[in-house]
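Below: a set of structures, written as structure tokens.
One chain, chain A, appears in both complexes that follow, with chain B as partner in the first and chain C in the second.
Moving on to the complex of A and B:
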């Protein structure tokens, strides 16, 4: 029996969330959509320019460059985080279940990313960094990890992977725990080795959690901003000018709020499509365990 | 607009620092600056000012350079910007364009402020279309900074160098001499291994925006380069000038010869960090860095004048000013404070702190004496003020900065030759002025 009173109560309970959602998400999004149709530098009144910002965006080589750089970064980050994360998770799962080690794994993730970036900026510095000191000590050339256009993006990706891999590993480890021990026992009885078990049993059975981790890492790495802002500021020669940093520059260095809003909305669209495709491809909502 | 302003004020209520009149009838002015080293000196000015004007008290709000301009702009959007603001010449055009700064020309005229008391050229920087936006507070010039120990060992005299873009003059000779490879061979000796350099002769500030204030700009001007058709507020830049391309090519050559670190292997921690570590012998720097270098405990540094180029010795000359926020509720009080900041009374206080050179000529001399009293030899910077050029001031400063610094990076990396990169950049820059 449906009670009308329940409906009202539900609304009352939902109200805090709904109001928060409306004030902090819906309203700013609508404003953003409106600003993307204007020319606005914060100080003047917004001037309506129709789709002018979007037309400009299509012909802006720096925007396309920022997308290219971002995709490059996302690819490196996901590859590093997933491979390293799976490795760590498998070790945790099969070798040790020590709570201490699991907690230690999370330490880099707990350090604020600006601190991480600063730390690595010192370590990787071309002339004064510890790592280059080691390289030169070994008779090798020093490397401009963050100052060479060929290395900077990879360095940033590795720095962030270092910070995030513990968290990824923990998520994957939780996924591995979902696989029933009976399956492993059966595999062991049939004479399957560690490696084979991992690829034939563990990986396929944790597909939903893999999909989840993939989506979260993808969206997270699309939002790269702080490490770039601290270490390279988009340089050298646009090599690390990722799309979030580019939006930020348009908005708060050049004060082109309208154009920045148009860039941001385009990014929302791209991210939405990517997530949808990923979820479909990985059939994330069904599990093979059922 | 009004709604947003109210909302923002509500959110930022404690942080935005708008002026308030408290119940007892005193007015509190907020004064924004970025240099924490100077905050003490201006607090002394504020105390002296409040003593003379019992109804007005000053609250200093200091924000680091990196956040300063963003904070300022967002505060203006919310309508709660500081009443009086420390302003830099290349940033003020955008605020003027949006009507955020108060025209103080009528007050300057009414109070008969003596504009002749400032060093020549400084006061005019702040005039646009007959309206005046600020009174000068200090100035800075550029000189060579070098590691005295390394210079002595190399046996070089840096006191009167010459430079030209073709062979680099005695400046390049000194730089070569100061460069030492891993085997102890100097840059001008046979057998010098440029792939294994232990100490670089020069650590140039190459990533230096669109003006090259700390190096390439000064040498380019001494080579006959002009940035812009009219300063301030020209509308046509000359970044495609061969004079600039020659200069940039010379800097690139230093890298190729191993006298300067490769651009992609250059520390991102700033040239002072590298010089302080002893991995480079010489640099080009501004007078605001005096304390940093002379206060270094790791190395001993001294200053020398910039080298004399084909057109003589040319140092960039930059000035700051105090301006009034157009939205202030206390125009009269703010003007009184600006007038005091721009007077010898306050600038003498700043001078005695020996941090920067105040804009009032007599206070500038007083600052020199204060430096000397502390045993610092800063003559190179004062000498540099004899023959200077003003850095270009125009609209679109932030975009020009990005275009030119990217082009310069391509030159330093050897990806493009100077003429190609700078010609393309100049077209982009000038398109900003014709395109709307």
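Moving on to the complex of A and C:
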């Protein structure tokens, strides 16, 4: 067997996957890049316009708005998910090893995002929604959570955090389990309290997993579509028109396939740079435990 | 100290309530008679619980009956949408898992020229946001005349996703080589070893990946909505979106929508009941790898 290689077997094992990769990943990527250089409405022939779409994009206020909205959404989501996720993970870590409790916390993550969106649209309904019953019960005013330009983006972020925080908490909980118990024993001997131990010991030792969660949440948040498509459709007045939804609208509402492709390719570049920078900043692969 | 623990438990219980209450409210709304929702939408139980909303979204009531109960009168057949979702999810999960296992094994264990370069391409594809390939893939499916067909829906992810190949390759790398070497010495070929020795040993991770793929595919919204919006091939998530659109903006048919939503969650709950431990473990596993 030495050095003979496994060429034939490799071909047999890889053929289906390579066909799938070539036809549905490589080919569309090349096509997407080509479309981004054309003006095309899906019906007539694509017309080559060079870098015209990119020039248009730079001067398109709606594109910049969509980036701003997306970053706002990403910031809220990451803040909520990290804080709530860390809190939940710490509670689980200190209180219980119950599998049932962890499974229950995971249920919202398994609910289809369209269902989550519909469900919360109803809970947040301006007139009959449960949350407004609560507000009124507390003596406050009704809120149009998804219809007010000031609240809509935060509402969408909260909706998706409901769906995602159980998952984040489980990831972080697993990271906490990796911190050796001896470290905690030493801290307890030195008279360190719960809160102090958490911030001084647990958190710093979790850097690799924090970096992982951050990258996963960031990339996931940039792809926000379902919730917006169901609840707000980008409104009110562009308040939730995130970049994914903007691309979708350009392609399938306005049939500007060329422009949509240029937007999509720009998103690829933005995400690539962000991931790279983040991994660098967090020195993700090194742990203080090692 | 005692008090602190009590407070911590209270927080955890609150988190569980927040996770599950929206789903309870969905069910509560689904069993409320449509005409009474305007006045009966605050108590923990409806005054006159009914299963009629489920009947009408499943297409078991006449149009007149449905309209009388607050429906829009549009045809609804959640049996069919449910079946379509099962076909869509089942096909992709089954085929993709097997083919990606073969490819993952090839990348982990077989020697052939260009292996690392090829694998590098797959990893790069992991970073590309799906919308970039989604636009040209839509065009391709349209060109093939596959809109509103099962083959059009499943085509892009049937054979592979870069994530599945990546996940399984990482996993096969961790399988001890000794097992395979023993079989090699006994004269078995590497192909036989894969099917007879390695696969049976790795049922666990394969099931984990299959579960993850199934959850993602079940939740898919944008792609099936774009390529298969027709009544015959419409999946559950897309059906919920269409249902909302057909419902009047000013007074959405919440009882019907929540009944449909509840149906989309049933498979999720079954998954938690049967595979809760595996789901939780798989997420924690990625947390530890982080």
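One rule holds in what follows: the second predicted complex is superposed on the first by the 270 of 290 C-alpha atoms of A that agree within 3 Å, B and C clash if a C-alpha of one lies under 4 Å from a C-alpha of the other, contacts with A are read in each partner's own complex, and residues count from 1 in each chain.
The criterion applied here is as follows: a contact is a pair of C-beta atoms (placed from the backbone, for glycine too) under 8 Å apart; a residue touches a chain by one contact, two chains touch by 3 or more.
Here the structure is a predicted model, which means the values were calculated and not measured.
> Output check: A:74 vs chain B and chain C. Expected answer is one of first, second, both, neither. What do you get?
neither
> Just to be sure I read the superposition right, which of the two partners does A:42 touch: chain B = first, chain C = second, or both, or neither?
In the superposition, A:42 contacts both chain B and chain C.
> Considering only the touch criterion stated at the top, classify A:252 as touching first (chain B), second (chain C), both, or neither.
The answer is both, since A:252 touches chain B and chain C.
> Looking at A:128 after the superposition, I want to know if it touches chain B, chain C, both of them or none. Which is it: first, second, both, neither?
Both partners, chain B and chain C.
> Check whether A:218 is in contact with chain B, with chain C, with both or with neither, and answer first, second, both or neither.
Neither partner.
> On the A-aligned overlay, A:86 touches which partner chain: chain B = first, chain C = second, or both, or neither?
neither
> Per the contact definition in the header, classify A:156: touching chain B only (first), chain C only (second), both, or neither.
In the superposed model, A:156 contacts neither chain B nor chain C.
> Which chain makes contact with more of the residues of chain A, chain B or else chain C?
On the superposition, C touches more of the residues of chain A.
> A:29 in the overlay: touching chain B, chain C, both, or neither? Say first, second, both or neither.
In the superposed model, A:29 contacts chain C only, not chain B.
> Classify the contacts of A:146 with the two partner chains as first (chain B alone), second (chain C alone), both, or neither.
first
> Where on chain A do the contacts from chain B and from chain C line up?
42, 121-122, 125, 128, 252
> For the complex, which residues does chain B have touching chain A?
Interface residues on the chain B side: 1, 70, 73-74, 76-77, 94-95, 98-100, 195, 207, 261-269, 273-274, 277, 279, 398-399, 402, 406, 409-410, 413, 415.
> Under the stated contact criterion, what part of chain A meets chain C in this complex?
The touching residues are 1, 3, 5-7, 9-14, 16-21, 23-29, 31-32, 35, 42, 87-88, 91-92, 94-96, 99-108, 110-115, 118-123, 125, 128, 130, 133, 162, 166-167, 170-175, 177-178, 194, 208-209, 211-213, 219, 222-223, 225-226, 229-230, 244, 247-248, 251-252, 257, 260-261, 264-265, 267-268, 271-272, 275.
> Considering only the defined contacts, which chain A positions touch chain B in the complex?
The contact residues of chain A facing chain B are 41-45, 121-122, 125-128, 141-144, 146-151, 231-232, 235-238, 249, 252-255.
> Under the stated contact criterion, what part of chain C meets chain A in this complex?
Listed in rising order, the residues of chain C that touch chain A are 4-5, 8-9, 11-12, 15-16, 18-20, 22-23, 25-26, 29, 37-38, 41-42, 99-100, 102-103, 105-106, 110-113, 115, 118, 121-122, 125, 127-133, 135-137, 139-140, 155-160, 162, 165, 184, 189-191, 194, 215, 218-219, 221-222, 226, 236-237, 240-241, 244, 252, 254, 257-258, 261, 264-265, 268-269, 271-272, 276-277, 279-280, 283-288, 290.
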